[in-house]
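Letters A, B, C and D mark the chains as written, and numbering starts fresh at 1 in each.
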Amino acid sequence: MIGSGTEVQASWIPPVILLTSLVPALVIFLLREEQRRARTVLNLAGALAKVGLVAVLVPPVLAGQRFEWRVPFVPGTDLVLRVEPFALYFLGLSAFLWLLTTIYAIGYLREGRDRSRFFGFFSLCVVATSGIALSGNLVTFVVFYELLTLATYPLVAHEQTAAALRGARTYLAYTLAGGVALLLGAVWLTALVGPVEFAASGSAAVGELAERDPATARLLFALLLVGLAVKAALVPLHGWLPRAMVAPAPVSALLHAVAVVKAGVFGIVLLVDDVFGAEVAQRLGVLGPLTVLACVTILWGSVRALRQDGLKARLAYSTVSQVAYVTLGVAVAGATATTGGVVHIVHQGLMKITLFFCAGLLASTLGLTRVSELSGVGRRMPLTCAAFTVGALGMIGVPPVAGYVTKWYLGLGALEAGAGWVLAVLVASSLLNAAYFGPVVARMWWGTPAPEQDLPRPRRAEGPWAMVGPTLVTAGASVVVVLVAGLPFSPLAMARAIVEGGAP
Amino acid sequence: MTARADLFLVLGAVVTLLGAVRLLTTADLLRRVVALNVAGVGTLLVLVALAARGPGDPDPVLHALALTGIVITVAVTGLALVLVRRVEEDDGD
Amino acid sequence: MTDVLVLLVLLPLAGAVVAALVPARAVVGLVVAVAQLALGVVAAAAVLRDGPVLGELGGWAQPLGIGLRLDGPGAAVGLLSGVVVLAVAAHAAAVPAATGGPGYWPLVLVTVAGLQTVLVADDWFTTYVALELLTVGAVGLVALGGRRAYEPAVRYLCVAVLGSFAYLVAVALVYARTGPLALHDGAAAMPPGAATATVLGLVVVGLGLKSALFPLHAWLPAAHAAAPAAVSPLLSALVVKGSLVVLLRVWTGLGGDAHLGTLVGLLGGLAVLVGGVAAVRQERLKRLVAYSTVAQVGYVVLLVPLVTPSLLDPTDAAAADVARLAWQGGMLILLAHGLAKAAAFLAAGTLVQVAGGDRVADLRGIAARAPVVVMTFGVAGVALAGLPPSLAFVGKWQLLTAAVAGGAWWAVLVLLVGGLLTAAAVARVVATALRRPDDDEDDAPAAGAPVPRRVALPALTLAVLAIGAGVGSAWLADLTLVGTGVGT
Amino acid sequence: MTWLWAAAAALPVAWAVALAGAASGTGERRRTLRRRLLRTSLLSLAPALALAVLGPAAGPLDLPWAFLGVTAELDDVGRPLLLVAVVLYGAALAATADSRTHRKAVLGALLLVCFVGNATVLVAADAATFYLGYALMSIPAYGLVVHERTDAARRAGRAYLVLTLVSEMAVLAGVLLVVLAGGMRLADAPAAVAGSPHLGVTVGLLLLGFGIKAGLAPLHVWLPVAHPAAPPPASAVLSGAMIKAGLVGWLRFLPLGEVALPGWGTLLVVLALLGAFGVLVPGVLTADPKVALAYSSVSQMGFIGVLVGVALLEPTLAEACVLAAVVYAVHHGAAKGGLFLSVTVWRFHGRGRLRVPLLAGMALLALAVAGAPLGSGSVAKYAAKQALEPSTFDVVDLVATLPLVGTVSTLLLARAAVRLLPSTPADAWGVDASVLTWAVLVVGGTVATWALAGLWAPVVATPGLDPVTTWDATWPVLLGLALTALAVAASRRDLLPRALAHPDGTLVPAGDVLVPAERAAAAALRVADRAARATGRTRDRAAARARAVLARAPVGPVDRLEDLLSAWVPAGAAVLVVAGLVGLVLGGAP
C-alpha cells in the first residue's frame, strides 16, 4: 500500500527478514537428530532476530518509510518484497507467535522423532509466511503462498501414521487445487494488465480493467478468491482444516493462528483492498457475495463445531468460523468493518493459538483429547484451563478479551454499511461460539469427573514450562492487546493506520 | 534424367514406407531389424534420387550424405543384432 | 569462442576413447564432466553477452565443413547437460552398482558428445549424425540394464532409427531444394509450400518419435525404467531433450505451419494429461517417473502452437509477445525438468536399491532409513509439478501467460491440470515412503545401513537447484531466446 | 483523580487474581493465605467506596488508551447505585469469608470480578465502557450460580447462561445501533436514539437485552432458579446489584424524555405489571425461602419496569420516573440484598444470642421491601406515586394498582419467612463480619435510602408523616399480612387442598415457564441433532460417491491405452496414425 506521503527506498531489509528464518531452516536440516542444543539455539536466535527486526521497523514504517527489494522473476516482472504497515502487522504477528510456538514445540517434542526435519520445515513455514507478508506484488504472493503449502505438508504429516498421512493428503489436495485457481487468476490478470503491484486502494491498472471489462474482472476476482478461500477455509472449501488436525499441537496452533489460514485471509484482504481496491470491488458487485460467503462460513463452522467431541476438531471448526470474520470485515468494506477484519487477524491469532496450546497441554500431560473427558480438569491443570477460558471467552467475544473489539468494529461497520443482517450473523455466531465453547469451559471448572476417570495429578507443573509459559503469554496477550488498544502501536492502532493509509 | 530420378524418388519413398510399416507392425525382433534396413535402403534411394534430380551432375553432397547414412545404418544394424541375440538368448533360457 | 564449441564436442569424444582404454574410468568421466560444465558456463556466458557463437569444425567452409553455431537454447541445454552429467557421474562414481557395467563411462561420454554435437551443430546433416550418435550411445546405456533391458533397448533403437530416417529424408529434401543450409534460418530459402510442409511433417514425426511425443512415447517408459539407476537420469533429462531442441530449431527455422502446430500442441496437451494420469497409476517407481517425462515433453511442445503465429506473421507485435513468452516458458520447463527429472531418477534408483524392490508399495516407511533420499524425491517432485519457487514454475508462469494472451485456453487447462497430476503422483510416493508402521504391525522394515552422503548428495543438489534456480532466473529466460529469432 | 478510579478497578482485580492463584493447593500455608486474602478483600473495595462518597468531586475518568477508550463519571443515577453495590458486594465478601461453603477463594474472586463489571456499568460514561462492564459482570456471574456444582446449580447455570448470552448479544446489537446513531457518549445516547432511523429496532433490542437482566417477565425465569442454587452471598449481589444493571441500561440508552413511544411503553408497562403480580402464584407455592425472595425481586423489578415504561410513554414524566426508579432500585438493592444475606446469617446465628436482633432486622428489611411507612420502600413507592400521578396511561390505573405490589411483596416475604424461620439453624457463632455487614444493609435498606433520596435527589419529595401518606403506605402491607394470616389459618384447618396448604414447589416449580421452555429447547435440540446426523450421512454418502467417481472416471481409458501401447504393434500403429494425421493436416492446409 503505497499511500501518499510515503517514501520507498531500496533496501536489503526485506530479504534479511526472510533470511532470519531461512538460514536456521537450512542449517537445521543439516543437523543430526541428537544435536538438540544447536537446534534450539538456532531456532530461538532466528525467531528473536525476526522479532527484533520487526520491532525496530515499526516506527519508521508507520512514519511513512517503505523498504523495498526487487529481483527479476521473469523478464518484465519482478519479485518484490516490501515492508509496509500491513506487511509489518502480519509479520509482527507471525514473528511473535512463532517465537512462542517454537518454544512450545521444543517442549512438546522433547522426546519426539525427526525433530531436525520438523524444525527445518517449521522455519521454512516462517519463511513462506514472512514472504507472503512482505509480498509487494501478485507474483511474489503466489510464489510464497505455494511455498507455504509445501512447507506445511511435512509438518501435518509429521506423525507419519496412516491417519496423519491421510490428513496431509487431503490438505495437499485442497491447497494445491486452490493454488491452481490462484495461479490461473494471477497469470490471467498479469497477462491483461501487466505485473500487478499491490497499491493502496487498489492497482490502477486493475481498476481500468474493471472499467473496461467488468465481466472478466469479476471472473478474475472469483478465481483469485477461490485460490485464497481454500487456505482461508471459506465454506465449502474448508474440508481440509478439520482433517489437518492430525498434526502435532504446535503445528495445528500455527496453522490456525498464523500460517496457513491467516495467509489465506491476508490474501483476501490484499485482493479486495490492494489489488482491486474496495471501491472497485464494490462497483463490480463482488463484495456482496463475498459477504454472504463469509457469513455462511461463520455460521456453518460454528454449527459443525457444536457436534465435535474431539477438542482439536472443535477448535478447527471454530477456526473456520472465526477466520471468516476477517473476510467479513473486508467484504463489508468501509473503514470500520475493515479495521475490525484486519485487527481480527491478530486477535484471532492470539486467542486461537492459546486454545491450541492448551489442547496440546491437555493431550500431552493428561492424555485428554475429547471434550467429554475434560470434566473437572480445571482442578488438575488450573493454569492451562484458565488460559483456555481466556481464549474461549475471546472467541465468544466477551470483554475484556480481544475478540470483543473485533466484534464491536465489525458490527458497527456492518451497521454503517447498512448491512444490519451481518450484525445478526455476528450475534448468532457469538451465541453458537458460546454454545460450543461454554460447555467445555463449564466442564473444566465445574464438571465432576466420572468416577472411573481418576485424573492423575501432574507430577510437578502442568507440563514443561516451555509449553506452559507460551500458553500463558498468549492468553495474557489476548487481554493486553485490547487493554492498551488505544496506544500507538497496539494491533488496533496498527489496523486503523493500515486501513486509513489505504483510504484514498 | 529428371524423370528417371523422380521414378527412383517415388520408389525410394515406397520402399521407405513399406519398411517403416513392416517395422511398426511386426512383433518379431529379427524381422524388425530387417525391416529397419529396408526402410534405410529406401531412405538412401530417396537421397540418391534427389541428388540426381537437378540439372547437371548429381549433387556430391547428397551422395556424401548417403554414404554417411550407409555407415550409420550398418553400425546401428550391428548394435541391433547384438541386442536381438541377447534377447533371444534370454528367451531360450 | 569457436574453440570452446569445438572443445565441447571433442572433449567428451576424447574422454570416451580414454575411458574405454584406461582402468580409472570413473575418474576420466568425472574430469570430463567437470570440464564440460566449465565449458558450458563459459559458452553460455558468451552467448548471453554477445549472441550466438559461430564456428566451423576442421576449418573447412561449408558445404564440406561442419558449421557450428551455439544459440541460446543450445547454451542453456549445454549448461543443463554440464550440471546433470556431473551430478550423475558423481552418483555413478559413488555407487558403481548403479552403472550397470564397465561400459558405462565410455557410453556416457559418447552420449554426451552426441548431445553436445546436436547442440552446437548448425547444419541439417551434422545434426543427423549427432542424433544418431546420441541414439547409439543411449541405446547402449539402456542395454546396460541387463536382461530386462535388452528388449526395451531394441525397441528404443528401432524407434529412434526410424525417426532418424524420417529426419534424414527431410534433410535430403532440404538439400535438394537449397543446397547446404543452416538450421536456423531456413525460412528464406524454403518458402512455404508442399516441400516445406513435407519436411516439417517428417521432422515432427521423426523427432517426435525420438522425443517420445504422445502417442509416440510407448518405448520410453520401458526403456527408461529398465535402464540402470545412473542411466535413466541421463536419458530422461538430456537425451530426450536433444531431439526436442532440434525439433524446435527446425520449426522456428522453417517458419512452422499453423495446422501442424495446433496438432503438435494438442498432442502435447494429451501427453500432459495421459502421461500425468499414467504416472499416478503406475505401480513401479521408475515407470512412474518415466511417465512423468512423457508429460513433460508435452509441456514443452505446448509452446509450438503459441510460437507459430509470430513465425507466420513476424510483423504482428502481439503475436511476437506471445511467442517470446511461450518460448521462454517452454524452454525453462525443459531445463527445469532436466534438473528435476535427473534428481528424481537418481533418488528413485537409490530408493529402489534401499527398498529392495521397485514397487511403490515396497517403499513403505522407507523415509526412516533414507530420509534425505525421500526428501530429494519430494523436492524434485515439487519442481516437476511446477510449484513455486522452482524453475519450472517460472516456465509455467511464462507459458501460462502466453497461453492466456494467445487465447489458448485448452493449453491453460492442460498446464494447470498437468501440474496437479504430477503433484499427485509424487505425493503418493512420498506419503508411502513416510508411512510409519503402526505399533501393532510387525513388518517393520529392518533397519539397513544409512545411505551415505556422497550417494545422496548429487541428487539432492540437483533437486535443490531445480527448486532454487527459480529465483532470479530471468537471465536464463533471456538466454533461451538468444539467436532463435523468436518474438523479434 | 484518575489514580482513584484506577485503584477502584485494579485493586479488586488484583485481589481476584491473587485469590484465584491461591485457590488450588491444600497445604496449610495455602489455606492461611487464602483466608487472609479473602478477609482483606473487603479493603479492595475501598477506592470504589471513596468514589461513591466523593461523587462528582472525584472528577471524570478519561483513558483513551485503554480498550476502546474508557470514560466514567458519577452522576445521580450511578452514584447511589454504586454506593449500594459497594456495600452489597462488601457484605457478600464478608459473608463468603465466614460461610462454610467450599472453595471460598474462588467465590470471592468471582465476586470481585463481578463487582468491577457491575461498578463499571454504573459509572460508565460511554457505550463501549458500559458494554465492557456489562459483560464483565454477567459472564463471570455464571460461576456464582453454578458454584455449588449441584444438579440444580447446573440447571440454573444453563438457564442463566443462555439468557445472559442472549441479553449480552441483544445489548451489543442495541448498543452498536446507539453508537451508530451518535450515542457513543452516554449523555448523548437518549437523544441519539430518539433521532435514529432504527429507533424501533434499537428500543426493542434494549428492552430485550436489559429486560433479561432486570428480570422482566417473561424473561425473568433465570432468577427463581439461579438464586436458590447460588450461595447466598452470590444471590445477594445477583438480586441486589446485578439486576439493577438492567435498569441502568434502560435509563442510559432508552430515549426517555426525548420521544414518546406509546407502543414500546405500553408493552413494557404491561409486561412489568405481569411480572409484578404474576409471580405471586409460583412465589407463594414454593417451599424454598430463596425462591420466594427471588420472585419478590421479580415483582419489585416489575414495579421499576412500570416506571420506565411510563417514562417511555410520556416524555414529560420521564425525569421524575427515572429518579423514582433509581430511588426504588437503591432501596431494593440494599433491602433485598440484606434479606438474601439474612439466609446465611440466620443459618449460622439464628439460634444464638443474636436471634432476637436478627429477627428484628429481618422484619425491618421485609417491611421495607414491602413498603411499610418509615422504611426505604415507602420512600421509593412514594416517589413512584408522585411520578406516576400525572400519567395518562389508561390501560390500567397505575396509581391504584401499584400499591398492591406491596401486598404481593408482603405475601412472598411472609412465605419466605414461614419457610426460613422454622428451619434448623446451625450452631451459633459470635458476631462476625457477616453480621456486621448485614447490619449495615439493614440500616441501608431501611433508613439510608430515605436520607440519600433527600440528599442526592432533591427532586424527589420524601413522604411526609401525615395520615394519608402513612395509610397509603400501610394498607397494602396490612392487606398482605391479613391474607397471610388467612392462608395460614386455612391451611392449619385443612380448608385447603394439600398441595396448596403445604406447597413443596412441585405444583408450580421454580422458574415457572422455564420448565416448558427447557422441554421445548430439549426437543428442538433433539430435532436439530437428528437433522445434523441426517445431513452428515448425506454428506458422507455424497463424498463417497464423489470419491468413487473421481477414482473411476478418466483413469480406466488411460490404463487401457497404456497397456495397449506397451505392445509393439499397437504402438507402431499409433505411429502410423500420427503420421497419417500429420499428412492429413498438411495436405488439408491450403
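Everything that follows uses one rule, which is that a residue touches a chain if its C-beta (ideal position, glycine included) is under 8 Å from a C-beta of that chain, and two chains touch if they have at least 3 such contacts.
Predicted, not measured: the structure shown is a model, and the values here were computed from it.
Farthest from chain A in terms of Cα centroid separation is B. Separating the centre of chain B from that of chain C, both taken as means of CA atoms, is a distance of 28 Å. Rounded to a whole number, the gap between the C-alpha centres of chain A and chain D is 36 angstrom. We define each chain's centre as the mean of its Cα atoms; on that basis chain C and chain D are separated by 76 Å.
Chain A and chain B have centres, each the mean of its CA atoms, that are 67 Å apart.
With touch defined as above, residues shared between interfaces to two or more other chains in chain C number as follows: 162. In chain B, the positions touching at least two other chains are 23-24, 32. Within chain D, residues 568, 571, 575 each touch two or more of the remaining chains.
Checking each pair of chains for touch leaves A-C, A-D, B-C, B-D, C-D.
Considering their complex, residues 16, 20, 23-24, 29, 32-33, 36, 39-40, 42-43, 46-47, 50-51, 53-54, 59, 61-62, 64-65, 68-69, 72-73, 75-76, 79-80, 83-84, 86-87, 90 of chain B touch chain C. Listed in rising order, the residues of chain D touching chain C in the complex are 554-555, 558-559, 561-562, 565-566, 568, 570-571, 574-575, 577-579, 581-583, 585-586, 588-589. Of all the residues in chain D, the ones that touch chain B in their complex are 567-569, 571-573, 575-576.
Considering their complex, residues 20, 23-24, 63-69, 128, 131-132, 135-136, 139, 142-143, 146-147, 149, 154, 157, 161, 165-166, 168-170, 172-173, 176-177, 179-180, 198, 201, 529, 532, 536 of chain D touch chain A.
By the touch criterion stated above, chain C contacts chain D in their complex at residues 155, 159, 162, 197-198, 200-201, 204-205, 208-209, 215-219, 221-222, 257-260, 263, 267, 273-274, 277-278, 280-281.
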